[in-house]
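The two complexes that follow have chain A in common; it is paired with chain B in the first and with chain C in the second.
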Partner chain A sequence: MMSKHTLPAGARVALIAAVAAAPLLSDNQYLLSVAVITLLYAYLALSWNILGGIAGQLSLGHAAYFGLGAYTSTWLFVHLGLSPWLGMWAGAAVAVAASVVVGLSCLQLRGAYFALATIATAMVIKTLVENADSLLGGPRGMEVTLLRDAPLYFQHTRKEFYYAVALAFVCAAWFVNRQILRSRFGYYLAALRNDQEAALALGVPTTRYKLLAAMLSAGLTALGGTFYAQFVLYISPDKVLGPNLGVVIAVVCIIGGRGTLWGPVVGALLLLPGEELARTLSGGLVGVDMMLYGLLLMLVIRWEPRGLMAIFARWRERGRPAGAGAATVRAAEGSQ
Partner chain B sequence: MSSIYLQALLSGIASGAVYGLIALGLSLQFGVMKIINFAHGSFLMMAMYVSYALATQAGLHPLVTAPLTAVALFVVGYACQRWLIDAIYRKEISREPIGVLIFTTGLWIFLDYGFLALVGPDSRSVDSPWANDVLVMGDLIFTYPQLAGLLVAAVITAALVAFLRYTRTGRAIRATGQDREAAGVLGIDSARVYQLSFAIGLGVLGVAGALLLPLYPANPFVGDIFGMRAFVIVVLGGIGSVAGAFWGGIIVGVLESVGSQLIPVTYAEALIFLLFLAVMYFRPSGLFGVENE
Partner chain C sequence: MTTLLEFRGVGKSFGGLRASDDVSFTVGEREIVGLIGPNGAGKTTLFAMASGFLPVSDGQIWFGGRRVDGLGAAQICAAGLVRTFQIVKPFGEMTVLENAMIGAFLRHARRDDAMEAAMKVLRRVGLGGREHQVARTLTLSGRKRLEVAKALATEPRLLLLDEVMAGLTSVETAEMVALVLDLRRTGISVLVIEHNMKAVMQLSDRIVVVHHGRKIAEGAPNAVANDPEVVKAYLGEAHA
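Let's turn to the complex of A and B:
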């Protein structure tokens, strides 16, 4: 639910500044690229959260939007020389258009059917891209034209550049999530997530709001696709449209806490470095990183189905004396 | 020219029957428990490796491995429902079990990549003279594994339909699927019914895995292809309908083999998913209606 800030404004600014300045501490490019990927997944999980968490529509096909964003901006850059800073908005537009088509046909389907339909849609889009040999390079994918240090073209040889951009992306997506959770739109989404019939009976136009959530979620995810293309400088159907990606985006958010403001960030902070650690500790045994995702997902659903944020919420409750009034007083004191 | 299409049609029916058998367990679980088991494809992959191990290590005939694989998967299914899924399922028994869906997604990833870490990415197929033998009828050629797949799939589907219709246990399973509470009032233990349905579903999948192995090599991700196809088939045939799964499987098999004569194979795959989306949108109860409700 809505998170109450207990940190004063000054401390919050200081925290963000500290995170932004973190790359100055070390020159280790490997650590920095783990940090960039972690931020990217925090961003993707925040984007997914709008549809999958707040609106409660379990999409496992967000890889489709990610891939559409990556392919659109890369194609415009490679063939027309358009800067990906502009191309990413075209990618977002394509993804939003796709989400409208998908949404109009699938959003009326219930839970499990919707999840299946999103996977099937992602598969269709992947197949189409794999067959577009002359236009999009088919299964071999596309290489982003190398310009080296060209920040105006969303490229730089130093990873600090990507770190800063990714951090800005995360802040923006977090802000969008927060605004939604505080708005009438957010309450409508929460209502239709909890009980669709009841929400409909109370006059909430459920399909329209679900569609709006889907469009927003798809557009933001597509921007992340452009970021990935510019960071890795190479895209292929397996990398940016694969079914794994769609599942991982959802898993990061579910483990952190669906529908919460910080859950997607917490999930990414735990899972992405964890994945990297598992890969290193196992001596590069292929598959261990994904096994970790599967195992954690099972454990979380079994013991803490609302995600890790639920544990933090409980800690907070425990720290307070009983009674709502006392809790409010404590919260007010804490925020001064 | 026309014999090419006839051959494609008949081969499609043969492999489609095996696809139907793969989907059968999924449809049973879906119909009785209303859960979607996303790990279904991974269990198929597991069945193929069990059959492969029996055929290569113990030197058994591919067909002889089928009943043994079925028993192994039956046990896995029973244990899985009893000790893993049941606790999550109970918590959300009155609403849509999305938690189980997410849990089985975790199981799916865990099993696929667990097998990748365990046995490596190589494709493995059984090397038996029987698997390469053919039956020639005029212009038409069939392999023995194709014929065995069609025959065994048809027999098992018929047996399961009869079991659900005429035996006491079968009727208890159907009753629980229709109305769990009413069935409970009549003294049916729903926990046991769920364990049994899940176990039967995986047992049938064990047979399917053993039949599929001579037709298609096993690798850790083989379940992804056939698992998705199984969902398509379940939706086509009508969720919970055992006979529907068989016919749905044949439709998908024919679509795939005849379709790939007309358009590139990779597009035929997309065609199957488009059909799936269309059916889900226009006829969510499946092409043949629902048998159970």
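Let's turn to the complex of A and C:
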């Protein structure tokens, strides 16, 4: 859980700030919107990381929480005029409630069965929304009422606005992850991920902790759903509740390094611009993004199931004399 | 001596198989009790029931004046009864220190406090200096020690040790015996399942023998070793 850095803390912060601010220098709205989507996925992967990474419960149905967040805040805005800044908390509350229902029924399941149950749940919610014609627009979806430059209503014609908000979201989610990893909560989640029975034997109420992780993860994911709705100004079951979305959120985190602090961010920085590039190069070939994800996932799982962060850690250790840290390298190599 | 743990007519059925049948015995404060019996006698089943991993089919289990059968494993651990596993269960990806911290977090919510408590326990079981090693890479002896360290870090009143000496060399076994005796000096009671007769005779104040799920003998180590029922259970009819 602890990592050693080669750069001093001040230099690291300056570097990260510079990279984060760079897209704002460009006036190219297309590049900015790629950057916004990249940050959104970094945020979603960080949210997923709490349940899927740190606690090790492979959820492939996080699209459900994303969609619930998007639909709740959008409905409250369109029909009641409530600002999405407030509506997003209602969305989070709905998602947390849903995660409790899903959690109580599915978290007893282990491994692949849990993953299947999360996919099934997401499909049920998608079908429900698709059939809610009069309330939620059914398969056609909902348009967010256009107010143009209304930052108090989470809207703006400039992409810079969304970029700044997305950056704040990422920072907040990163901070939440960091606090978890440094607390008893995070240690307990890591323990039950490693061996649930052993954790129980040491007094860890595993079901309660998994449920807490699921609630936090779902709530954060729902806030991302609201952000998406306000950024794109249109939501539909296919876009915000589709099975692809749930898989991509998980894959971004897994490729980056599940259970690590930077893995979700690294995964998004690599994959989302990569996806955009693949789409451009292939001339808009349908499904090329999913093919890219599939390929990368196979590569990572073949060579380093613990993701890019583990590969970076290995590179760093290679350059050092064998010492106390050498155990980590051997462990990483032995895990293949 | 005050009673800490008590089995009262405890039974366990798995379908038609009677894994435990009407077993009653106690473990007192600061007592070391050995639980022995041939393979398949139902020793680990008794551990699993006492620690909340298996529900009892009949009877009751009391710990510290409170009925604990029916409570969850985590609650029983919080009450001060902790077990180890015969097939050790380290948190493989985590370091030795982090493993012990999981136990220590039960009584120390803050990370720094848990770390400090875990370090003390690791030194006590002879894993000092190995704090940052990844648990998966430990030797068998190291893993057995870690299994004890994790349990000890929960600061229990009673420790259930399930074959922590199996597979150890004679030197390592002697160290483990010394460790268990040292635990008792600090007020911890121990119920130990062990196949190593020499070690269990050396350690135990009292020995309980189970065979085919039933208790067949109980008493001081020497008396039990010479009990004809026990000899028969271990060596067969001809030797009794």
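Going forward, the second predicted complex is superposed on the first by the 306 of 336 C-alpha atoms of A that agree within 3 Å, B and C clash if a C-alpha of one lies under 4 Å from a C-alpha of the other, contacts with A are read in each partner's own complex, and residues count from 1 in each chain.
Rule of thumb we're sticking to: a residue touches a chain if its C-beta (ideal position, glycine included) is under 8 Å from a C-beta of that chain, and two chains touch if they have at least 3 such contacts.
Just so we're clear, the structure is a prediction, and the values are computed from it rather than from any experiment.
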item: Chain B versus chain C as contact partner of A:Ala199, first or second or both or neither; value: second
item: First (chain B), second (chain C), both or neither touched by A:Ile254; value: first
item: Touched partner set for A:Ala191, first chain B, second chain C, both or neither; value: second
item: Greater residue coverage of chain A in the superposed arrangement, chain B or chain C; value: B
item: Which of chain B and chain C A:Tyr113 touches, first, second, both or neither; value: first
item: First (chain B), second (chain C), both or neither touched by A:Arg182; value: second
item: Partner chain(s) touched by A:Thr121 [first = chain B, second = chain C, both, neither]; value: first
item: Chain A residues within the chain C interface of the complex; value: 1, 182-184, 187-188, 190-191, 194-195, 197-206, 324-325, 327-328, 330-331, 334
item: List of chain C residues in touch with chain A within their complex; value: 51, 53, 72-75, 77-78, 82-85, 89-95, 98, 101-103, 105-106, 109-111, 114, 132-134, 136-137, 150-151, 153-154
item: Residue ranges of chain A touching chain B (in the complex, touch as defined); value: 58, 60, 105-106, 109-113, 115-117, 119-121, 123-124, 127-128, 130-131, 243-244, 247, 251, 254, 285-291, 293-298, 301-302, 305
item: Chain B - residues contacting chain A, complex; value: 36, 84, 87-88, 91, 96, 98-99, 101-103, 105-114, 116-117, 121, 220, 224, 228, 231-232, 235, 264, 266-267, 269-270, 273-274, 276-277, 280-281, 284
